[in-house]
Amino acid sequence: MPGYILRRLLGVAVILFLVSFLTFCIFFLLSPDPAVMICGKTCNPARIDQIREQLGVNQPFLAQFWQFLSGIFAGRTYGEGAAAIHCAAPCLGFSFQTNQSVVDMITARLPVSVTVAVGAAVLWLLIGISAGLVSAIKAGTWWDKGAMMFALGGISLPNYFIALVLQYVLVVQLQVLPFPSTPDFGEDPLFWFQSYIMPWTVLAFGYASMYARLTRANVLDTLGENFMRTARAKGLPSLLVLRRHALRPSLTPIVTLFGMDFAGLLGGALITETVFGLNGVGKLAADSIGKNDQPVIMAVTLMAAFFVVVANVVVDLLYAVLDPRVRVKS
Amino acid sequence: MNRTESKARDDGGALLEVRGLTVTFGTPRGDVDVVRDLSFTVDRRQTLGIVGESGSGKSMTSLAVMGLLPKGATASGSIRLDGVEILGKSDAALRKLRGNSMAMVFQDPLSSLNPYYTVGLQITEAYRAHHNVSRKAARAVAIEALDRVRIKDPHLRIDHYPHQFSGGMRQRIMIAIALCCEPDLVIADEPTTALDVTVQAQILELMADLQAETGTGMIFITHDLAVVSQVAQDVVVMNGGVQVEAGSTEQIFSAPQHDYTRALLAAIPRLDDDLEELKMVGDFRTGATR
Amino acid sequence: MTTMPTQLAVETEEKGSPFSGGGPSSARRVIRTMRKSPAVLFSAGFIALITIMAIAAPLLTHLSGWGPYEYDPSAVNADLGGIPNGPLGGIGPTHWFGVEPQSGRDIFARIAFGAQVSLLISVSATLLTTFIGVVLGTLAGFYGGWVDQVISRLMDFLMAFPSLIFMIALLSALPAGNRPFLLVVVLSVFGWPYMARVVRGQTMSLKNREFVEAAYASGASRVRIVFREVLPNLTGTIIVMATLSVPGYIGTEAGLSFLGVGVTPPTASWGQMIASAVPWYATDPMYFFVPGLFLFLTVLSFTVFGDHLSKAIDTGEAR
Amino acid sequence: GGGAKVGAGAKTGEPQKGGTVSVLLNADYSHLDPAMGFDGGVNNFYRLIYRTLTTNSTVAGKTSEMVPDLATDMGKSSDGGKTWTFTLKDGVKFEDGTPITSKDVKFGVERSFDPALGIGSPYARTLLDDGSGYKGPYADKGKDFAPIQTPDDKTIVFHLNQPFADFGSVVGQNSFVPFPVGSGAGTAFDAKPIASGPYKVVSYNRGSELKLARNTNWSAATDTVRKAYPDNLDFTFGLDGATIDERMLADQSGDKDAISGGSLQPANVSRVQTPQIQDRAVKTTAICTTYMGMNTTKPHMSDVRVRQAINYAIDKSSVQTASGGSQLATIANTIMVPSLLGRKDFDLYPSTGNKGDIEKAKALLAEAGLSNGFDMTLDTRGTPMIQAQSQAIQQSLAKIGITVKLNVIDSSTFYEVIGTRSQQHDAAITGWCPDWASGATFLPPILEGKNITDKGNSNLAQLNDPAVNKQMATIAAMTDVDAANKAYGDLDEQIMKLAPLVPLVYQNGLQLTGSNIGKSVIGFNGGVDLVTVGLANAAK
Amino acid sequence: MSAGEPLLEARNLVKEFTTNTGGVLSGKKRAFRAVDDVSFAVGRARTVAVVGESGSGKSTTARMVARLMPADGGSVLLDGEDVTHGTGAALKHFRSQVQVVFQDPFSSLNPRHTVDRIITAPLDYQGMGVPGGKRQLVKGLMERVGLNPDHSGRYPSQFSGGQAQRIGIARALAVKPKLLICDEAVSALDVSVQAQVINLFKSLQAEDGYSIIFIAHDLAVVRQIAHDVVVMNRGAVVESGTRDEIFDNPTQPYTRSLLAAIPTINPEWEARRRVNEQRERAALT
């Protein structure tokens, strides 16, 4: 088991390395010169060179990549002598646009993304799984049809569409909610909740739809399994049969799926955060892309990949714990 | 084992009495009777063998008795357990009987155990559903049950998951589940097909002992005629959903009346037989397709 | 965008083949089953409608009298920020679905031409991902060993990738060039693993079926086994997956256009139309609603159609 | 007809002192360090926390004028305009109470010579460069920067490398903000600036929030420009444009004390209909010209008749609609924006209703032998408004047979691409804004021959007309600033005869203020001048 | 065993598998010998039955003999030639000489192929032409195995188990092999159908002199069909000999226990039934 985890972590490292390398390559090859962008409207070649040196983008590709990588583990120093700026260990560089430490930028925004992700996850699990369960147990009834119509809606409606309609109806027209912003929970819990409820709902709608469909399919499959018949033949109460024998096998695959989806969201809900003006990692990514702020894009990409890859490992381990049949491959 | 005719036959106290049982499937192409007008009786301490080729409705009959017919199937006729009509009873009422008064060993041991739970839990939950005992006491019962079906090291194996057992062992665990509550009626649907001949012999013996101890009545379903000849007192022969012949085992094996029964008996390869052409069972399958 | 859990080095015990030993469900039977459902009729009808609309877009705009790029300043009010004249976003006999604010371009024409783009992109991406996914998936599933390792790791890698962020970054960094083409490429690069994984899994279970061994015993080469024995058993899966991936790509293209990295104006795509309608959602809701409705109905139709198709094929197989 | 009636500074109530004004913004300010920040938005903001030797007036209608700020006057020149001497006022202090000396001003200017910092306003660097390769007070620590002398704590003398008549305006630029000697290395000021103006930064969460509080060491007596009504200003960043509009339109509780940092979006212009909202809408003036530069080195574009034809052909009214309609954009016929001093109003290529004169255009094209039209490529950006403008141009030119292909360049790289001569196409849509109210910061940068460079080129037309160049040199040498400004106004017309570009629109704005915001002034930078904002009722 | 040179000979075959053992997450590897030094020979026109309980290595042995799985040791000789490692033309020749009939009739037939395609697959795969045309061949083979030739366009699912197994046999016969390897070819069928298939094998052998390796665990079936018997237990050959030797005088305790555990019908009943039957027959005539 420890050997296995070690192997998996090594795999994580390799994938992250590849992700960073690829991202680096693409930005290195495709992106315009950041120095020229920074230089602004009154620029001359000499200044561009100065800025390039300052940013360290005058070096060859591999050297830059190496600096970037070693910066993550050992920190790095920009510039020389008195003007040198040190960037401590998990160093992902400084934003080209704002000169802020990228790590600081991300850590400042991560709580928002986490809040969005956690709230949405709670909602979508609750709604998705219960809707799926009800429609599986009442398969063929209007309950089932209603839930599945709802699910189809969630799958077919783009989330920015839902987001805007929701905002228009609830905030602009009915004024039951204030305009969302990014408040602290401690300051004003009610406003905090009111601000996040829409992003949660919008995100949860899409995911809940998918989870409802999946849960329904899984539960239907499980209900048809022979072991369900065995359980009933034992004379167990029907609720126990459902809870113990039907639910666990149906939900195990969903748990693993959930791990991945959740991790994906931690990397930022790009569209939802943008629409609702939440200052999370997703919005940071969108903004940075708009400004071509490479260090930030790199960092967000890496971080998102990190979450997903780690979730992948966790999910696999979890699966092995949840499903006794699972064997870890050598 | 080979006791002569059971007496307690028509004293009205039959354990299970099935009369005119018909199982119907509603399919898009109309209703199909997979069991038609079947009648038989099982007494205490008695074993009724049901034989017949694959698809002849053996499993459906037993599921009808348990009230566990799959969706889309309906049963009609009469099924009396201990004199009480149970066909058409509510699921809640049947639940009280299942496991306790009647238990079933399902045909497919691989898929009939929940892969997510230890066999221990799956045995104890059956016991605890009907006995108000502590977890610990139930565990003791389960270990005992495992031991009885000849699983070695039951106190260790009780915490294993189904996939850690071989097919034959899983079949024995199914038997343990069915027997742990010492039900009045056990329906065993091909309980030994996955077993080696040697283990099969042991299990058959075990079931016979148990029957002697607790007076359980049993329905033993198989298509292995030799096995039936050893365990059953009475035999029902089924073909295409109908009973073609019924009677005491001796009667069926020594003087079969129906052509199908005869053909079936003739098709059995025998160790002591001459190397002659095996008799084929009529034209039941050839040519016709379904 | 949701990812499925990977099978990174974790395997469940053979669950038994997904094929219930039944015969192939003939296309005719599937069609017969499908024809009975009103939902299928509706969705197939709508898919047909937008397909015709896309193909006949030039003809249709000829009939309606307004091209997709033609300005109609008389239809908008320059003093009010360019909002369409008249109620419902300018819907009327001249402009069937109303006009775009500011420019007065005809929304009907843009919807029709937008259908071209949206369908072209999603269908091409589906074809490409299906092709790559099936080839790599069968290879991985069938050959196992290092081939599987390489392909599976590649799939893990691509699926671990924060693809939306990356797609946006990539598309904004790439020269505009031929955007639809780029979109297809980018969507396919990140999309094929989903098809490949399913195909790989099925191939792995098919590979263990005795008929593959029988084919070996009959003297078949591996390539022949893949193409003649394994692939025919995957067609149902592939068709269903492909049908279900079309709406996914339509949605993703729309999302990318929404984020400003989709097709470049003046070309219309539904996503780009919705994106430009966003600021107008309060003052000209129709501008937002019309493409939104088309997008919704299209995605819904493909999803419903795919669902029913998979159900029909499944039950066909079980019989 | 029937457009919204919006009066500039529609409100009448003079603001009160005290309270908190909040400002809702889409994007954060580029830099809090004035050596780096250099755009209209941040220039407006800097005046809240920084002071310079001179600065723009806050007198309504005269905001183009520069007035003394830290300095007692607009400076005294000698040596034919090459040496400029300023004297600091008494009682000017930094936020910690230390007096501002001429050394601090010098240090502030020196900072902009640091390669890492000096990415902002370029004038100090271009006018004070002595060729010594000075790298700023951090890298070249201890080195004396000769061009600036501080004979005493009150006096500062600048030695320019060329005569510059309007240097009094230059010292109002961002690079002349004083800082305590030795402070502000690296990016320190981007996080925590040292204030010299009426407000200081209390907390700053980049990208989301910035809070200002009154700087108690600022003395109103020394400052004739800034009103500084509220006690606090809260800036919220990262709000979606549409959300800002909705909030401002809704005017709910807290937003009554708010102003929007930018203009209303075109989509919401039609909602400014009711008197209540009209009362809260401020029509801001244009400081930038949006134009289409034509690359005079390209085959067809090199022909002045073709360029004139294009000037005639473009339906500027549809460009105006695309830019947000009459409320948000004024049709432009001159290169220079109306707010520039000495600017001349003219229209060399008139048409009825500004819908374009197709006949004249066709005739000119025919003259040029291109009566069948031709294909051209227009470099443009993906932002909605510029998209709309480009497509309107595309439509107009189609009418005279010119097929325009749009080359959409990502916003983040747009200027780099079009500033690289080898990558320039036939035309590009761009804009230009002045640094102060003089043609000097408008015409030469975008139209003088010597400004054509291979990279970072701002003369997009690549116009290198000897007559124009000569006139520019002549004006630059003039010592009478007013005469020079007027000369630029005439030069504008001279250049437009050559039609190197098509002025499209002057982008105005419609800024919304909360119902509790008092009367304010529109500053030189276009929007509501932040130093004039205050609450109508501070007790509420 | 039989006189003369055997058709096929297996010499000292060995197969090892590495398996994972232990708990859920630990993965200790262990080499496990599934087939351990197995040798036997198959004479011409003879049937060799391989018996033994489940997991004793029968299928693995058969797979190695059929060249469906590489052997870890030992060799296989066909007509005296070593074919253990042959490739290309040698393998092709081997495939035309040795064909396999599988256990599960449905699983071994591609559900997406029609019967005629299934039957002619070996010809296709081996690139063999058919003198009388494929149609004729399919018709002949189907008749041969007792299937209605009109059903050649059907899919496997449209047949019963016994019929499906016949399709598998027809496929094996298509290339006119000399040896049929039948791995539990009747175990999945119920008694009545089993009988049909066993009879088919017997008649095929009688008519065309096929050699057969017949794998089964049902000794009663074996007794019906085999000439020679190989008894396997835990991967090794425990005992081998002619049918009568094994059944009448088993020397090994394992063989004896196998034989003893077979359930039987009370011989008395049997005898009575026969008497009854004879009586009835007599009454009829």
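Going by the order they are written in, the chains are A, B, C, D and E; count residues from 1 in each one.
Heads up, the rule we're going with is that a residue touches a chain if its C-beta (ideal position, glycine included) is under 8 Å from a C-beta of that chain, and two chains touch if they have at least 3 such contacts.
The shown structure was predicted, so the numbers you read here are calculated from the model rather than taken from an experiment.
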**Q.** Between A-D and A-C, the pair with more C-beta contacts
**A.** A-C
**Q.** Reference chain E; chain at largest CA-centroid distance
**A.** D
(Q) Between chain B and chain D, what distance separates the C-alpha centroids? Give it in angstrom. (A) 91
**Q.** Whole-Å gap between the CA centroids of chain A and chain D
**A.** 39
(Q) So the centre of each chain is just the mean of its C-alpha atoms; given that, what is the distance between chain C and chain E in Å? (A) 49
Q. Which parts of chain E, given as residue numbers and ranges, touch two or more other chains?
A. 158
(Q) Could you pull out the residues of chain B that touch at least 2 other chains? (A) 111, 115, 163
Q. Multi-chain contacts in chain A: which residues touch at least two other chains?
A. 31, 172, 274, 289-290, 292, 320, 323-329
Q | Complex interface listing, chain D residues touching chain A | A | 27-28, 30-31, 38, 114-116, 119-120, 122, 138-139, 141, 185-187, 190-191, 205-208, 236, 238-240, 243, 246-247, 250, 252, 410-413, 415-417, 419, 445, 453, 455-456, 458
Q: Enumerate the contact residues on chain E facing chain B in the complex.
A: 53-54, 146, 148, 151, 154, 158-163, 190-196, 198-199, 202, 217-221, 223-224, 247, 257-259, 261-270, 272-273, 276-277
Q: Quick one: which bits of chain C touch chain E in the complex? Just the residue numbers, please.
A: 17, 19, 21-24, 209-211, 213-221, 224, 229, 232-233, 235
Q: State the interface residues of chain A toward chain D in the complex, per the touch definition above.
A: 31-33, 36-45, 47-48, 50-51, 53-54, 79, 81-83, 85, 94, 97-100, 105, 108-109, 167, 171-172, 175, 178-182, 274-277, 279, 283-284, 287, 289-292
Q) Within the complex, which stretch of chain D touches chain C? A) 1-4, 241-242, 246, 265-271, 317-318, 320-322, 324-328, 382, 384, 387-388, 390-392, 394-395, 406-410, 412
